[in-house]
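The following pair of complexes shares a single chain, chain A, combined with chain B in the former and chain C in the latter.
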Partner chain A sequence: MHLYLKYVWILFKSQTQYRLSFWMLALGQALTPLTVFAGLYFMFAQFGQVKGWSFYEAALCYAIIGLSFALAETFARGFDMFSTLVTSGDFDRLLVRPRSTILQVLGSRFEFARLGRMLQSLIVLIWSLNKLPLALTAPKLFTLTLMIVCGMLIFTGIFIATASLSFWTIQGLEVANVFTDGGREMAKYPLSIYEKWVAYFFTFVIPLGCVNYLPLLYVLGRTSGSNILYMLSPLAGIVFFLPCLFMWHIGVRHYRSTGS
Partner chain B sequence: MNPYLSVLKLRFISGLQYRAAALAGMATQLFFGLIFIMVYVAFYANSTAEPSMSLEQLATYVWLQQIFLAFVMLWFRDNEIFQLITSGNIAYELCRPCGIYSFWYAKLLAQRLSSAILRCFPILLIAFFLPAPYNLSLPPEGTTFVLFLLTLLLGLAVNVAISMFIYISVFWTMSPVGSTLIIAVIGEFLSGMIIPIPLMPEWLQNITYALPFRWTADFPFRVYSGQISQTEALWGILIQLIWLAILIVLGRWCLRRALRQVVVQGG
Partner chain C sequence: MIELQGINKSFKVARRTAGFGQAVKALFAREHTIVEALHNISFDISPGEIVGYIGPNGAGKSTTIKVMSGILVPDSGICQILGYTPWQDRTSYVRNIGVVFGQRTQLWWDVPVIDSFGLLRDIYKIPSAVYRENLTLLTESLALSDILQTPVRQLSLGQRMRCEIAASLLHNPQILFLDEPTIGLDANSKIAVRQFIKTINKERGVTVILTTHDMNDIEALADRILMIGKGTLLYDGTLVDLRSRFGSKRIVTIDYHEHAEPVDVEGTSCLSWTPERAVYSVDIDDVPVASIIAKLSEQIELVDIGIGTTPVEELILELYKEHQI
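Let's look at the complex of A and B:
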């Protein structure tokens, strides 16, 4: 942990060297989801509601997925960019160091400018919670936290799984963008507005619906029957995360250096 | 003119080599196209207000966006040029016996063209045969299609001229990511990539009409679906040409200023 913080500190210093560019990047990172959010707002301004979901409910949905994605991108960016390490053969260097590879890859990147993105999602989250007629009880707050943490785990899991695949393919796999960027785009609206097959895919294969849509039903008081299942559904994120980690370990064992 | 044409050709050929990336890109674009249309279908499903665009036109709009993504995306960037500037190799570039603006312009244009040509046909084909309401529909008349092609290519030219400013800004900021992102994000929103311009509120539509961004994407796509009548489209082409002239003159001027105070990094 100490080592990780040190990595982060060094990266912070190096990233703030180009000061103007750093601030512009942070601003740009905050703007990206802002324009998407503006899009969401204008859609609701034009249509009022979508399949029974109001603007603030959708905004909550959007904020949670935005926050988990931003967290995953901030911490696990190293895995996202990992294929370059394999292609260049630099991964050898990580292997000879007496520390876990996961820690080193995690520490290889940490993008502070993404904080802009996080902040933006956080503001939307608080704003929409404020506007919704909700009593924020302790179990509801607990569920919300669980949703964000497990959402982050899912995105991190996808990053790690893609990185592991690059042990075999050597190249980066851009197809994974369908699940990360695509998943984020998709999950910003409640899952129920999509066609059935999309909803099933994002519930049972990549459980984004479990960290977002299902527990949200509980938070918004739309459930019937037992609440505890809806509350605990984000745990599917952990179930998804573990095989990804496992894949990484297999991948590392299979690693053959590309040379220089 | 000849050296620029050969740069265009060479870049085009090398761009066609990246097939794996193109395949991945297509999968992503197909998925995004489907998801976007599904969202719109859901919004239209029980809307009481009459939207300014039919669902069929909207689906076509979304598919055209995805198919010609390489034409309209502003974040599409050439890292080679960035490295030239930040590493100091710009010195070699300056020694070449041709104008740097046109040289880069040709390079960027070729990249976008090759990327789009690799990707557009498979998506086009799939999008045509999807079941309604997800399919791409045909343009109402032959002449609208010709107008569409013309406006699309002019839009591409305008877009490359806009993106030149991103490269020029690196002379000042020295690190490309920040300025690219800001110009790209704002530009994309104003060109109707996040939500189609006809679905924006009135005041925002007026802003987009006053800026060059919408002429790169929104305008050709609406010409395709026949929402913009043919006479209007002809006037639009004139405006596109005017923007193109303004942007290129301004871009050349900025580049000249940047080069006058250029510091070659390293040795």
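Let's look at the complex of A and C:
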């Protein structure tokens, strides 16, 4: 952990070397998703509600997935950009250092400009929580935190899985953006508005629904019966994350037996 | 200390053929050729040696270095270094080695050199007393004090290489792998780098394995030469052995007061001739150098005499030729 912070510090120093571009990027990053959010707002302004979901409920849904994604992109950017590390051969360098490859790849990039995006999601989160007639009890706060953390794990998992594939393909796989960017866009809205197969896919394959829609039902008081399953459903994110890590280890082994 | 036995390694390389049709076909089914990068490589290296690893481009030098530093896993063979098998105990093994890739940096591009060193200290968990001592020593002997605060991207190649070498030695490695450490350096920096490699080898007993295309590196540093070609180890011996193997030839260069005609001396061949200078090639097993000079001075008025051995470069070329690589 200490070492990771050191990595981050060095990267921070590097990025601030280019001050102007840093601030422009951070600003741009904060504004881009805002346009998406504006779209959401105007849609609800027109229709009032979508399949029984009010604007603020949808906004909460949007904020949570936005925050998870921003966190994943900030911390796990190294995996997102991993294919460059393989093509340039710099991965060799990581292998001759006495630390785990995961830690070193995480430490290879840190996207500070994404903090703008994070902030924007955070503001929407607090705002919608304020406007919703909710009593924020300790279990609900706990569930919200769990949702965000596990959501981040899912996105990070997808980044890691994609990065692992680049051990075979060398070039990056744009296909994976279907799952990251696409998944993010889908999960911004409550899953119940989609077709059944989409809902199934995002529940059982890439369990974004488990970190977003299902626990949100509990937070919003829309459940009946036992709540514990709803509360703990974000843990599916961890279940998703572990095989991704496993894939990574297979990838590294493959790399070392084939070379660059 | 380093022991390689029958290391084999082959790569699958996608075959590319010309033409649009072929390119489309390659998208679906690629044809592969197996390239044998290393074939039955075996050698031992003892502590404190400096070994020059040479061979033409693509001969397998870097692959061997990668196997020895734990980056690649060979198809078969045994490799024992410091009691470790590099690719099996990667993290504990690499603590004991330093690796410099001449063409690639290990420093963080946009921050001052000293920050990179600080991060390496944490990566290798170097105790602060050791770190401070090493930093002082390296700063002094590599003349780094003026550039430690400079971002790496602003350094010249020579300055950067000095920093790279320092960075690879901060954690007191017992073995140092240098992959083309002098590539692209000017004469001054080359000499500085060679000097330093020699010093750490002598004073700290660091075992050094270096690959290079610059035969002057070999001449200045290496007690021992390993030559590889097409994946096979072709020569393992000292520079002196190599010299004696390719004979007892000497190059005699003489300067003299103007003389109109070339002078022939028995037992020599004249390599070049001008009215003021001539170069002869001599086999000292046949004719001693002294007698040649005596004969020459009978006919012309000598001004200066130079006697040299065959340059290493040519010896290596001979060796390459002998093995047809």
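What we mean here is this: the second predicted complex is superposed on the first by the 255 of 260 C-alpha atoms of A that agree within 3 Å, B and C clash if a C-alpha of one lies under 4 Å from a C-alpha of the other, contacts with A are read in each partner's own complex, and residues count from 1 in each chain.
Basically, a contact is a pair of C-beta atoms (placed from the backbone, for glycine too) under 8 Å apart; a residue touches a chain by one contact, two chains touch by 3 or more.
All figures in this text were calculated on a predicted structure; none of them were measured in a lab.
Trainee: Report clash or fit for the pair chain B and chain C bound to chain A in the combined superposed model.
Mentor: fit
Trainee: Applying the document's definition of touch, where does A:245 land relative to chain B and chain C: first, second, both, or neither?
Mentor: Neither partner.
Trainee: If you stack the two complexes on chain A, which partner ends up touching A:123: first (chain B), second (chain C), both, or neither?
Mentor: A:123: touches no partner chain.
Trainee: Taking C-alpha centres, what angle do chain B and chain C open up at chain A, rounded to the nearest 10 degrees?
Mentor: 90
Trainee: Decide which partner touches more residues of chain A, taking chain B and chain C as the two options.
Mentor: When the residues of chain A touched by each partner are counted, B comes out ahead.
Trainee: State whether A:81 touches chain B only (first), chain C only (second), both chains, or neither.
Mentor: In the superposed model, A:81 contacts neither chain B nor chain C.
Trainee: Once the structures are superposed on A, label A:96 by its partner contacts, choosing first (chain B), second (chain C), both or neither.
Mentor: In the superposition, A:96 contacts chain C only.
Trainee: By the touch definition at the top of the document, which applies to A:178: first (chain B), second (chain C), both, or neither?
Mentor: First partner only.
Trainee: With the two complexes overlaid on chain A, what is the closest approach of chain B to chain C, counting only CA atoms, in Å?
Mentor: Between chain B and chain C, the minimum C-alpha distance equals 8 Å.
Trainee: Residues on chain A in contact with chain B in one complex and with chain C in the other?
Mentor: The overlap between the chain B and chain C interfaces on chain A is empty, containing no residue.
Trainee: Touching residues of chain A toward chain C in the complex: what are they?
Mentor: Touch list, chain A to chain C: 2-3, 6-7, 10, 13-15, 17, 89-90, 92-93, 95-100, 253, 256-259.
Trainee: Any idea which chain A residues touch chain B in the complex?
Mentor: Touch residues, chain A against chain B: 18, 20-25, 27-29, 31-32, 35-36, 38-39, 42-43, 45-48, 50-51, 113, 171, 173-175, 177-178, 181-182, 185-186, 189, 193-195, 198.
Trainee: So in the complex, which bits of chain C are touching chain A?
Mentor: Chain C residues touching chain A: 9, 11-12, 37, 63, 66, 69-73, 87, 90-92, 94-95, 97, 99, 101, 104, 106, 108-111, 115-116, 118-119, 122-124, 151.
Trainee: For chain B, which residues count as touching chain A in their complex?
Mentor: Interface residues on the chain B side: 20-21, 23-25, 27-28, 31-32, 34-35, 38-39, 42-49, 51, 172-182, 184-186, 188-189, 194-195, 199-201, 204.
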